[in-house]
Amino acid sequence: MINKRMPNAAKAVADIPDGASIMVGGFGEAGSPIELLHALIDQGAEDLTIISNNCGSGEVGLAALLKARRVTKVICSFPKTANSTVFPELYREGFTELELVPQGTLAERIRAGGAGVKAFYTPTAAGTPLAEGKESRDFDGRTYLLEHGLTADFALIKGVQADEHGNVTYNKTARNFAPVMAMAARTTIVQSARVSAPGGLDPEVVVTPGIFVDRVVEVPQPAHESELIAAGVSYP
Amino acid sequence: MSTSDAVQGWDREAMARRLAQDIPNGSYINLGIGIPELVAKFVPEGRTFIYHTENGLLGMGPSPEEDQEDPELINAGKRHVTANPGAAYFHHADSFAMIRGGHLDLSILGAMQISQAGDLANWSTGKPGAIPAVGGAMDLVAGVKKVFVLTQHTTKTGEPKLVESCTYPLTGQGVVDRIYTDLAVIEITPAGFQTIELAPGVPFEHVQGMTGAQLSPPPASPSE
Amino acid sequence: MINKRMPNAAKAVADIPDGASIMVGGFGEAGSPIELLHALIDQGAEDLTIISNNCGSGEVGLAALLKARRVTKVICSFPKTANSTVFPELYREGFTELELVPQGTLAERIRAGGAGVKAFYTPTAAGTPLAEGKESRDFDGRTYLLEHGLTADFALIKGVQADEHGNVTYNKTARNFAPVMAMAARTTIVQSARVSAPGGLDPEVVVTPGIFVDRVVEVPQPAHESELIAAGVSYP
Amino acid sequence: MSTSDAVQGWDREAMARRLAQDIPNGSYINLGIGIPELVAKFVPEGRTFIYHTENGLLGMGPSPEEDQEDPELINAGKRHVTANPGAAYFHHADSFAMIRGGHLDLSILGAMQISQAGDLANWSTGKPGAIPAVGGAMDLVAGVKKVFVLTQHTTKTGEPKLVESCTYPLTGQGVVDRIYTDLAVIEITPAGFQTIELAPGVPFEHVQGMTGAQLSPPPASPSE
């Protein structure tokens, strides 16, 4: 029997060590695995590298992890959002380093990492400051940049319906980076509103097949970033 | 250089309406944040456009009723949206495959500067201490079939946005096809900025005065 | 209004010219768009390049197109199957050229073509005869081959449920190459057992979003290769 | 060189059963066509394996009842299969991402030749006039974490399959971890072929005689 279910978020993230690289799903608050992030804050790991599209909002979820001074580097396409004050301060202070990557290049680098594609040529960012220090090459008269696949030690992602084999589906635009991050991380941890026995998901509608997922934890009523912020929550 | 009060040009909605007239029926469109979002309000009679939002939805619909919002159904600007019949959700790598692979017909973006060679700067002032953030802008201009810029002709302080060469960090080189401003519609050609149309009551000389590079006048008999 | 529905298979393939490159979905008989292929035989285009995992079986579908001497090149991973006699003869005769590509490299080259990735580095086939003439490069002490994205003029694929916007779902392992081929072809033509108005498919379960599809034709009772062969059919 | 009638070794089912004992619970496995498919019949008590078929299914189950066949539910060998509870369908690029990305634990393949350096030849005799066909073999050996070969020790005509260096075109270089034959279990080590275990009643000298390269004898006290 195969059962990847974990009893709670704390157990699911218990072995994440200092210095780990962690992919965190979500675009804005859609798909942000708040409960896993809060468990990681409680757990205490530091000197983390976070790979995520944004850096969180307010002082909950990913922003709270940064605020707790656990993150020394982010690989990110858009670190500033409307309610984002934590990252700018840590960045200006020099505590948190930033590797800025165009959003589509970030998604494709993560997919490449998960798919065993070592590197690829993309036209995105050619001729811009983000091409500096990168190898480029012309094909058919157009310039392309060489971008490398990206992997991580862990991925924290949020699904809506999962099963004990690790198959996952998502809610609307919460899908965003999760399927490719699940592929690219050595250990993928999923929080899902529902977790069923195998057979609970139609094989035709599975978005992330279980082979990409290591642990599943049921979080039936996940918090939303905007609601926590509206309620004035600052985690912990 | 400052904007003359006597010359009004198009307002934001008229700019969006003017641009919408140039979009063929059935186009797949990515709308940037800000003025570009207004285009969806001015779809010409008899045409249907399908909106792509790079965070993973094709067939994006208008904002939901206030109590129908789903925090996980948002657009690239992180605003609540809806999904029209015929919509599809997908992950980011697939979403940017649509962009990079040239499957979208049109990207409509704002701009800080556009050069006469079609270079676009719209992501960073390059000022020291600013927090860099790029999002999907570089992917859009590199991949989408046509790139239209929808922007005020000058900055809030009256500086020209249409320039000989950009001083801000580039988003892409030679990527812009057309510019729709409050004063005119301008095409990027191998010879530089070519005026296609002037806003009603706006003299060409006025537009040239607000532009930081040579502007070719509109054709003698307007195509309108 | 957007409606990509075509009245029949003949109209759907009517403009495919001589010399076209065509991606054909299917792995074995699963997902093989038999009715579109038969319409293409009737239509008469020749000097075609076919990109497909196999070369068909018996004398129906893709094998029948080859037998009609319409295909001068195939890009393929496994051109010989149990009931395949047509391709071997054309290959030995020198009429049909073969570019042999490992199956995963073929799938990834097609995806890259559709995704605007010009080329990528893969470990597959390094050190084998299929690496001959290919650029290679070492990363972290391992050898990778540079493989180029692959596009085509047309794709012929088979879905099970589609809508008039071109959204498509598939039946079980008939999915195989269809989603990436739909991305990589300039004109993608889908035959589907059912075609509904927009709204007939849940946006969460769409496999191929409509942006990748140009034409949809309803073929309610598609033929299966094995059944045609068992019935002794030789098309036309 | 010919196989001695006096020495029997394992039959095909016993070979598959022996290999199955070395697979940990919960492994994700791709089974090649032929003898490797037999492994699924010998899953040890208390273990569950999940089977991947590269044409787009994880969680492949056994053959269906005769009237339950779906022509579009097949395995890589194009035979009718079923989907177990917990299965998932996906497209070829995703399927080979699982393979190339190192997500599968084990690939079990047949072989024409295996060299002492772990090179594998199993796709082509290289004979002029033969129709080349490679399928997913090169992807599997390049990507999957462990590669086990399950094969008769010699060809039908008694030629050794375990050789100093392959004469047939390679599928991959240095990719094989272990070889399970009718005569022995043999590991590829930096020092070459290392016998792990002999089939019951098979003397080491016999196996060496059937092998085209130096074979290290099994450890003094078998780990069994």
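Here the chain labels run A, B, C and D in written order, and each chain numbers its own residues starting at 1.
Going forward, a residue touches a chain if its C-beta (ideal position, glycine included) is under 8 Å from a C-beta of that chain, and two chains touch if they have at least 3 such contacts.
Nothing here was measured: the structure is a model prediction, and the numbers come from that model.
Contact count check for C-D and B-C (C-beta pairs in contact): higher for C-D. Centroids built from CA atoms put chain B at 30 Å from chain A. Separating the centre of chain B from that of chain C, both taken as means of CA atoms, is a distance of 36 Å. Chain B and chain D have centres, each the mean of its CA atoms, that are 56 Å apart.
For chain C, the set of residues touching two or more other chains reads 108, 111, 115-117, 122-123, 170, 172, 203-204. The residues of chain D that reach two or more other chains are 57, 83, 89-90, 93, 96, 99-100, 142-143, listed in rising order.
Taken as a contact graph, the chains fit none of the simple arrangements: neither line, ring, star nor complete graph. Screening every pair of chains for touch gives A-B, A-C, A-D, B-C, C-D.
Chain contact summary for the complex, chain B toward chain A: residues 53-57, 70-74, 78, 83, 89-93, 95-96, 99-100, 124, 126, 129, 131-139, 142-143, 169-173.
Of all residues in chain C, only 27-31, 53, 77-82, 87-88, 91-92, 98, 100-108, 110-111, 122-130, 170-180, 207, 224-227 touch chain D in the complex they form. The residues of chain C lying in touch with chain B in their complex are 1-2, 111, 113-117, 163-165, 167, 183, 197-199, 201, 203-204, 206, 209-212.
Residues 108, 112, 115-123, 139, 144, 169-170, 172, 203-205 of chain C are the ones touching chain A in the complex.
Taken in their complex, chain D has these residues touching chain A: 25-26, 28, 48, 50, 52, 57-59, 83-90, 93-94, 96-104, 142-143.
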